[in-house]
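First up is the structure itself, then whatever we jot down about it.
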């Protein structure tokens, strides 16, 4: 069975609900770029797909970077004079700036202020902040809570530790017919944030699970990695291997109610770019195409000039363009099962195009072959309704000169990829096409 | 005399009337892809231009196709119980599905229904139908006549025959200065249809007649062929020769009142494409440019990937976009003398551009030559009216570096081709240009 | 000090006033394509910049042209019956058609009419006319004065002379680090016209003066030449040298109140084209880009096909598109100090882009370098405000693969050139970039 064989029979409502359930399960875990939160997350994914978990020691040089110490946190709070935990890590892991150094101190409100982050424009939301590469500590509070704090002294505690440990990431390799790979990568380094991080994890995990049951032309590599340092680490450890990546998608933010967005690879006209644009266009629903920019998720690393891999980004509303982004409002209720299912279906449709985007040689290139004698043509001529299938066959025959892929033919004809693909299947079966040896 | 010498003196009103007369004369003949109807048509054309008529035996293999048996029909009718011919081939040859097998039978109305074609949306028109490559028979009726038929039995007769015979086509070769050819092709396989088929025949015949009196740079080949099988046959018999075709137009549907349409060749940027677009733009009247698609007339074959000839299609309203298409309403009164004349003039204008689209070398490429001392420049400077002729001369001089044809110069300057051509003539005469040996 | 070091500290109001003063000083001189008016003009410029004045003898062959005789005029008038000078060269040198042959005659009004030019649509303005290359003479009058002339006889005198003399032009060469040159050229052949001719002279002179104090990457060549014959003469005498011109601007009409206009070089995508378009875009004020045409100022000669130099034209309202053009209304009050200063600043900004448009190699091309450890990155992550500087650094790093100039990076990123340039400076300083050896 191939992708195209299962595409139409999918129960998308069920898939969306299951993806949402996975997100809700992963939500409470306090992830960061290293530490037990990532390990716990990968362990939960391992129950669904045969993930290999890699542990890279702190201090490992990865290009210009160094794998940082492992950070773990057990507790954190701010207590008032009465000893009440007015800010409590156990209620929301967003309260602590990620990678905060340990602290235990008694501070006056104006001293504490230096270490507090709020969102005045959304007074009820807790912001999400990190300080990975500079020693620091801090708390994130809703602005209204902050405004309610009385002058006085506060007991502040962050029970975190930095150890020579590891950076953990998950990898699943699915062998297909050919050694060339399709990469699907998502980041796993955010604590309780749903659309950012968890929706991508869910989509990549579900795609992996579905593809593992199918017969595939390409091999697939699924990465569950901490953002930036994770992709840098993977590329550093797999430098020669990276050349096998023929197409790739960084998946992030695929559960919000916005429309699908595809951000092009640095190349701008790679096959993945054409396939993703075509899949979104053929979907019939609204979408957005973004040009590449070196700002965003791990496509920054995959598309750095020394690699320049054909990797785009598959999203819904781009990061930073929805107010819930990087706040406590990006919780499971912000993420919609139907958006997740829609992203799943569209991602599958991109992969289906890649799997089927072949180049053919018309075996009858001089004039049209006689479709009628092969039963491929309407028998009473002159009817006004030109069947789309016939038109698709004529386009495939006309442009199958070894220089046009099926995607190229879909683009030039303006017909849907599926129609072009079906036409090429029939023509191939009748011996009118042969795959171009390339 | 060259095309440009006669272009302005043409009596277009007279030409349009004459073309329309030819169409009216050819209208009653029952043409099909083979048979005596085509022969009669070619015989009538031969009185005007020295056409060579080719006869290709049935059964000849032409690429993936086989020349079919020759089809001729003498009579056909449907008689009612009273013996009246309620449908009579002698009244309109559209009544019989082209290539119908012979039949003589008595059928009930519901049996007859299987073999009857009507146009419910145009109840007074008879549709045109064919069944070339599948054995079948049928009648075409106006929908209102069909609705009037009472239940009962009908005598049905089609007195047709299939014989080992020939496929006939007409060819006229007009030798010019150079062996490279311009192809003008039209189809001759439709019975009583005027815009479809007859208007193209008239235009190609009249262009041939006019060109035969002129001194030409290119050689010209005029083809009067049955659609599809005719072009496939010609290409099969002239495979090596086809490489000489440097520019080509399939001419069809050039008499309706709609605006002129040019459909690009598969190449999309061939010289014929640029010339046709430029001629239509310079004409000042509205026009439409269509991208190539492998659906239409014989450009399908000329532009098949094994040939990929620079052949576009020259039309007015594209086939299928006017309701009269392939119905009895496409009769001589649908075709307008002024539309025919306008198509004639525009086609001539395309050919004039091809004939004159040369590439020159400025003989004075370093700085401008002094036009004033050659009497080519206004003598009192500073006037605000820059004469267009001067501007055209400056453009021709500036871009005549061997890399720009006159068409390129017209495109970049935004000036009319005629203006650019006139300027190049003056500059050539004064020795400021020399033709690029290319 | 480089251009970028002085750009922000310029007192543009003062510069505009000074330029306007120079224009007012040069205004009364009767310039033509040869003669003492040009010499006087160059002498005045020599007090500001170390101009070399070249004298090319009459009769010198320069490509297809010949340096004409030198023309000088001392007086001219039309006297009425009462002996009054009703038209007086001493009041406006525009009254005499430039290059008029000497004349002393008594003519009736209808005879005089043959030699009189007026502007009926602007009855109070005197037109400007020339007759360089055809022997002739004439007077230019305001239309209202002409209408007031009574029938009768008039004494007409033009006290001009043609001598074997010289064509004069000024040249200033400013040596930079590299032998490749930037050309700035203006015409000096118009009598009392301010925007046409004097504004360009002022701009080129001021740019030359400012650049002479700076440290420059390119060498610069400033030409003050009579239009057409001057550039032809210079190119003829410096034919081999012309290849050193890597970028060039013809400067003309830069003091009127209209928006800035850049007319592209014949190449259309030369670096000067991109730099000028980028400078105008980054300026934030409205501007216009024109495609090349072989009609205009001396770019006609620099861009003739035998040279095809990358020379564009830097202007405000294009010639002929403002009614004051080539009339007495193009006087010093038509030219605005703030327009002159704005043109100065924008021209400097074009040159600044050329000076700084380098191509770099990212020294850390595999994944991003860690900006944070170099103090180049915000330390608390997650803030919504992505600093433009960071974005500029990321763009420069991502595209510095040896194939993109800084201009290319500005274009692809949509960021201002200055931002991209500053980012590249920081990265270069930190060793993250190295200049591409090219």
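For reference, chains read A, B and C in written order, and residue numbers begin at 1 within each chain.
What we mean here is this: a contact is a pair of C-beta atoms (placed from the backbone, for glycine too) under 8 Å apart; a residue touches a chain by one contact, two chains touch by 3 or more.
What you are looking at is a predicted structure, and each value in this text was computed from that prediction instead of being measured.
S.K.: If I superpose the C-alpha trace of subunit A onto subunit C, what rotation angle comes out, expressed in steps of 5 degrees from 0 to 180?
M.R.: Angle of the fitting rotation, subunit A to subunit C: 120 degrees.
S.K.: Is it true that over half of the residue numbers where subunit B touches subunit C are used by both copies, so same, or is it different?
M.R.: different
S.K.: Round to the nearest whole Å and give the separation of the Cα centres of subunit B and subunit C.
M.R.: It comes to 54 Å between the two C-alpha centres.
S.K.: Measure off the straight-line distance from the CA centroid of subunit A to the CA centroid of subunit C, and report it in whole Å.
M.R.: 54
S.K.: Can you list the subunit C residues in contact with two or more other chains?
M.R.: none
S.K.: Which residues of subunit C touch subunit B once you look at their complex with the stated criterion?
M.R.: 62-65, 97, 117, 127-134, 136, 138, 228, 231-232, 235-236, 239, 266, 293-295, 300-301, 303-308, 320, 325-326
S.K.: For subunit B, which residues count as touching subunit C in their complex?
M.R.: 362, 364-370, 372-373, 377, 379-382, 384, 386, 391, 394-395, 397-401, 413
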